[in-house]
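Both complexes below contain chain A, partnered by chain B and then by chain C.
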Partner chain A sequence: MNETSLLFNYLSVGAILFALGLVGFLVRRNMILMFLCAEMMLQGVSVSLIGWGRYHADWGGQMLVIFMITVAACEAGIGLALILMLAQRTGKLDSTVWQDLREEGLPAYVDREVPEERAEEQVWPTLTPAGRRPEIDLEELSHRSRV
Partner chain B sequence: MSGISSLFLVAAKTLTAREILECRTFWGLVLAAVGLWLALPKRVAYGKTIGGVLGIVGLSLVASDWPLLPTLTDQAVFWLLASITIVAAVATITSYSPVYSAIWFALSLLGTGGLFFFNGAQFLGVATIVVYAGAIVVTFLFVIMLAQPEGQASYDRISWGWFAKTASVLVAAAIVGLMTMLLGGIKEQALAHAAAANEVTSSPRDAEGPIVTADKPFNPVLDHPHHMARLGAVLFSQHVISVELAGTLLLAALVGAVAIAAYGKRRLTTQVEDAMRLEEAPR
Partner chain C sequence: MDNSRFIDFALPLIPALPLAAAILTALVGPWVARLGARWQALLATPVIAALAASCLLSLQLVYKVDFEQRDLAAGTASEIHTGYERVVTLWTWADVSSAYELKDPVKQDQTDLDVKRLPGKVYPLDFDLGLKDLQIAVALRADALTAMMLGMVTFVSTLVAIFAAGYMAGDRGYWRFFAYIGLFVFSMTMLVSVSNFVLLYVFWEAVGVCSYLLIGFWYEKPAAAAAGMKAFLVNRVGDFGFAIALFLIWTTYGSLNFHDTLANGSTDQEAIEQVVAARQSDADAAPGNSGVVRGVLGKSRLVRNDYVAGPIAVWICLLLLLGACGKSAQFPLHVWLPDAMEGPTPVSALIHAATMVTAGVYMVARCSPLFAAAPEAQLMVAVIGAFTALLAGLIALTQYDLKRVLAYSTVSQLGYMFLALGTGLFAGVTGGMFHLFTHAFFKALLFLGAGSVMHAMGGVIDMRRFGGLRRLMPYTYATFLIGCLALSGIFPLAGFWSKDSILGAVHDKVHQLDHVIEGRHDPHIGEHRESAALVQSFASLTEGQLTAYRGIYQILYYSALFTAFLTAFYAFRAFCLTFHGEEQIPDEAGHHAHESPPVMVVPLAILAVCAAAAGIWAMGSENFAGGIRHWGENNFSDFLSHTPSLAAGGLANTIPATHEFHLSVAGLSTLVALAGMGLALYLYMGERSEVSLLERLFKLEGAQKLADPQWIAQLERVGWIGVVTRTLRGAGLGFLVTLVGLILGVVSLILALPLLLLSYITPHKLSANKFYFDEIYDVLFVTPLRWLSLFFYWIDRWLVDGLVNFTASVPPAIGSLMRGLQGGLVQFYAVAMVLGVLILIAARLLLAAG
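Then we have the complex of A and B:
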């Protein structure tokens, strides 16, 4: 197999994955999605490392990827615990909620023109209603998912 | 191939503006960036359809500029895996619902695992699927279901304004362009190599012999029959201290995650109440 073209193809795919992860990290506001995008950047680097390891015919690339998987698992554990804690405090996964941490003197980010949720994007399977309608606690609704 | 140092491989070459404008990669990246911009939230009307078409056309243009792998099967398998990986990655960052994002990310990981298999990293292919798609993505899904307040939150529909979207898409296109155009030493070498291989194979093919490529036919180190045993031998001989460090890191992360989950969610008000109760108790 032509090792050099294989290397070039793998490096290109790795670069595209890394760039997509970067875009997602910068554009999305959901904390869990930002975390997923960080993992995607790690995947891009892994693809490049595997390509280099194959090209040089040694185990160095694969060793680095093994340790990257280990560190990514640690990061996911701690990061998800932190995100869960933050979400339980505010009931939101929005990173804008924590914008009090921004630099002094910067204006706050305010949402403008929030588009309405369209009905066709939110189609869930339904059951026929039966029995007595339960009483809804308004306070509970603010921090629990819609049932 | 061995005579060329790897530094020379990635040596940056100087490009003129005309060369860039004539390059298919440049226009492909521009198209793909516009498509990604249209598909990202906050979405414009028909953004996903137009963006998807533009993205596919752009990525095909970029991919048509890559050097070809020698056999048709290799090329087909590589393109299948790479397109699964990249399309699923795009869907991950453009989905409104975080649950869909996590599932698309799992699909992207399956594609990456396939790419690892294809490149002679069997153990890592399996490990990626088991550890990432099997464990980490499922943990993500748990957290989404525990913490997501609604099916689709408003912050998933709008995200940041147009400026962050435009700037990050441009930066991403610039990164890919730098990697594939400016660091083109590898590509030129690959093209020269393929041309040389064609010249070598064109003459013996007439003599009805097996096709001899100029390249080495297999990778003697990574394609070893006892792949796992060799990998383990290298891991536990040269990298044994790193293994110990990684184990310590895992333990520390475990303790840290438990500590955060156990103590982190106590609100300040409950702590104050606890303190007041303690003060009141003796009286």
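Then we have the complex of A and C:
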């Protein structure tokens, strides 16, 4: 395997990691997941840096990566602590709960309410009863919730 | 301690002590005032103690200066007497002379302040020689004029401060008052002792600020606040003139120092004389330049009388006069002084007697060599002085506010001083300063007496509401009487001597001009050196001008005499209204109207003694032994004659060889004063019927009757007219009566208009309304200025501010376009970032492809 194809592999893995992280960051609202996605993007960049370092036979790439890992560790500490504090405030990990830094006068983003399905409206398919009526333990019914 | 060292030591200390006391009072005042009324009285002590110490130092300074200058005069055998001055340089405040030297292309040698002249260029004055000095040294000077002013200012201020300690007792701003007083005296003592025009201007302004603070002392009272503002603004007009005069002096004479300095900043008189003398003998090498920065009023300039004549000199003097008019309340700018009565009475006494208003007189006297070079300006000084004296005297006749009468009296007396200064004679300048000196005593006395009355009357000062206080307030009565006598100029009180010396000086001036006119036609004039010099000094005037001048001074003399009559009249009118007649006490005084406490009466008594004796003392008591011929030997003017500005220069040749006492002038003025006094006593002493007759006369009641149609209709009821008309009607000639009635009606209608107008400007109304000066100024200056400022306000508000606001509103407008993007959702920002990166990448790729 020559150096160019090796570099290509490295870069492919890095790009995939980065893209996954990016998409995850944009679409997920769970702050921990967003954080993990951000970490993933970092790893993608790290991989491609290592690939370039090897391609150029230069320690610079690896040096940068070690530096990045250190920074990412610090960032993880601070980020997780922040997320913890935010979660304790509201009991939620949803990032849209925190949108107070918007321009004055703009309406807040609100999730569209998904109408809750009510039990009465539920129409279950009915089958013609056949055979013997099964024994239902009333005692057990009172303990179990509806499945 | 020898005299020179004492002077060096005392001169800075005299202003420093009041300043230190003022600062101390201002620092501890608010704390002590909170401790209660009993402690508050302590707050007056630092300032009073400092003023008393300054006063003692000043009196000692007068003595030392007197000794020194006698010593000097005895020591110099030379014919030219240059006077005595001692300059103490504390530090240099600003020095830009070096900048000028470097820039000057004429300058050849940087180490020596020697300047070579360019060939073919005319150098009329020092200022073309490259030595244009703007070195403002904080230099104090001791000479006779300064010493006399210092002694007078600190003495009167001390007494006023002691009086105020009683008068202001219980006032909320007690400490503030004394802090201001200390500051005021500091400014005034600095004003009279600095030796530089810039510093003179600085303390000129400082005095203005202090007067503003003190006139508006009760700032919660709108009238007081307005009066303070008015004083400040009117003074600003004068100060503007003064500032321009300083610029002109600097461009003309190249320096703003009074004294000469060597190039290295030394003021040693002997060294300067040596350098000047050396340069004089070596005139061709560096003509005109002496390595000495020649002060405007320096000896080296004075001795050679090296002053510019012509229009520039006239302008300098007129602008200086404008400044002096503002400070000393002379005619165009006199309106602030009567309003300044809104301040506490001790402040009025201080402003009118010792500080502030005397500054203008002092300045003109100090600059008298400049004025001597401009006879036109001198005449202007005299005319303004005499006119103001007359005007203020007329206004004072009808005022009912006791303090206001005294205020106009001050304006009038200051006019006298300006008249004396305007004669341009040595006798005139010393006479003016002499009047300043005696006036300080009796005017302070009168004001403090008025304060004492006001104190007892519960703040009422309207003379119609009280009267006959002579039994209630015996000490105030006696001292006020002495003050009035002194003001009127009754022999042998202080006012008599000083007023006489002024009238004598004006009289002399007429004679001097006669002499000059004669001298011009005298072919042998050259044989008499002094007369020739005198004639030479008026060479710039044509004979017609000289005759006109003589006529004007003659008129001024009679106008001054008439003013003396008015002075005596209004002084005794106020005196009688206050202290004689039926005893009458306003309700505000309550039942405790009483003589003032000793702390107020003692200063009154001291001032009364001074007002009575200052004149005799200054004239020299030993001269009385010699009989009437020696009365003119005036110690006061002998003392002042050693001032450099008076001893040398333009005034020097007017120093009379022999003193003459003008018995005719003195007798005439005394007669006139006695007449005024007698008339006032006759009119106001007992019944007031004569007054109302006089009032009706000056209200022109008869003239107004003519304009009244009712009066014509009533004519028929008069006996003989009725008989005539009835007879005519009986004879069938009724139409004749109607015709005459119609004619009379038409005539009265025609007459009505001017008469109606006349009824508004009767002499009485003119006087009572202060010749409508406030109203005229209001229409001529205040209202147009208000409209103008309103106009500029709108321009500022809408044009200038509008432009700024428009510029400021553009960025927010642009920003508001982007405002919707700031949604606060993290994901949205992330998307925006990604899109941005994508756009960048796309652009890069496209560019690379292109």
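One rule holds in what follows: the second predicted complex is superposed on the first by the 107 of 147 C-alpha atoms of A that agree within 3 Å, B and C clash if a C-alpha of one lies under 4 Å from a C-alpha of the other, contacts with A are read in each partner's own complex, and residues count from 1 in each chain.
The rule is short, and it goes like this: contacts are C-beta pairs under 8 Å (C-beta built on N, C-alpha and C of every residue); 3 or more make two chains touch, one makes a residue touch a chain.
Note that the structure is predicted; figures quoted are calculated from it, not measured.
> Return first, second, both or neither, reflecting whether A:96 touches chain B, chain C, both chains, or no partner chain.
Both chain B and chain C are touched by A:96.
> In the overlaid three-chain picture, which partner chain does A:10 touch, first (chain B) or second (chain C), both, or neither?
In the superposition, A:10 contacts chain B only.
> Contacts for A:24 in the overlay, against chain B (first) and chain C (second): which applies, first, second, both or neither?
first
> Mind working out whether A:109 is in touch with chain B, chain C, both or neither, as first, second, both or neither?
both
> Mind working out whether A:74 is in touch with chain B, chain C, both or neither, as first, second, both or neither?
first
> Is the number of chain A residues in contact higher for chain B or for chain C?
B
> Residue overlap on chain A between the chain B contact set and the chain C contact set?
Common to the two interfaces on chain A: residues 22, 26, 29, 96, 109.
> Which residues of chain A touch chain C in their complex?
Counting only chain A, the residues touching chain C are 22, 25-26, 29, 34, 95-96, 98-103, 105-106, 108-109.
> Give every residue of chain C touching chain A within the complex, in rising order.
819-820, 822-827, 830-831, 834
> Within their complex, state which residues of chain B touch chain A.
Listed in rising order, the residues are 1, 6, 36, 40-42, 59, 62, 66-71, 74, 78, 82, 85-86, 89-90, 92-93, 96, 98, 101-102, 105, 108-109, 112, 115-116, 119-121, 123-124, 127-128, 131-132, 135-136, 139-140, 143-144, 146-161, 164-165, 167-169, 171-173, 175-176, 179-180, 186-187, 189-191, 193-194, 197, 213, 215-222, 230-231, 234-235, 238-239, 242, 246, 249-250, 252-254, 256-257, 260-261, 264-265, 267.
> Along chain A, where are the residues that touch chain B in the complex?
For chain A paired with chain B, touching residues are 1-13, 15-24, 26-30, 32-33, 35-37, 39-40, 43, 46-47, 50-51, 53-54, 56-59, 62-63, 65-67, 69-78, 80-85, 87-89, 91-94, 96, 109, 111-115, 117, 121-122, 124, 143-146.
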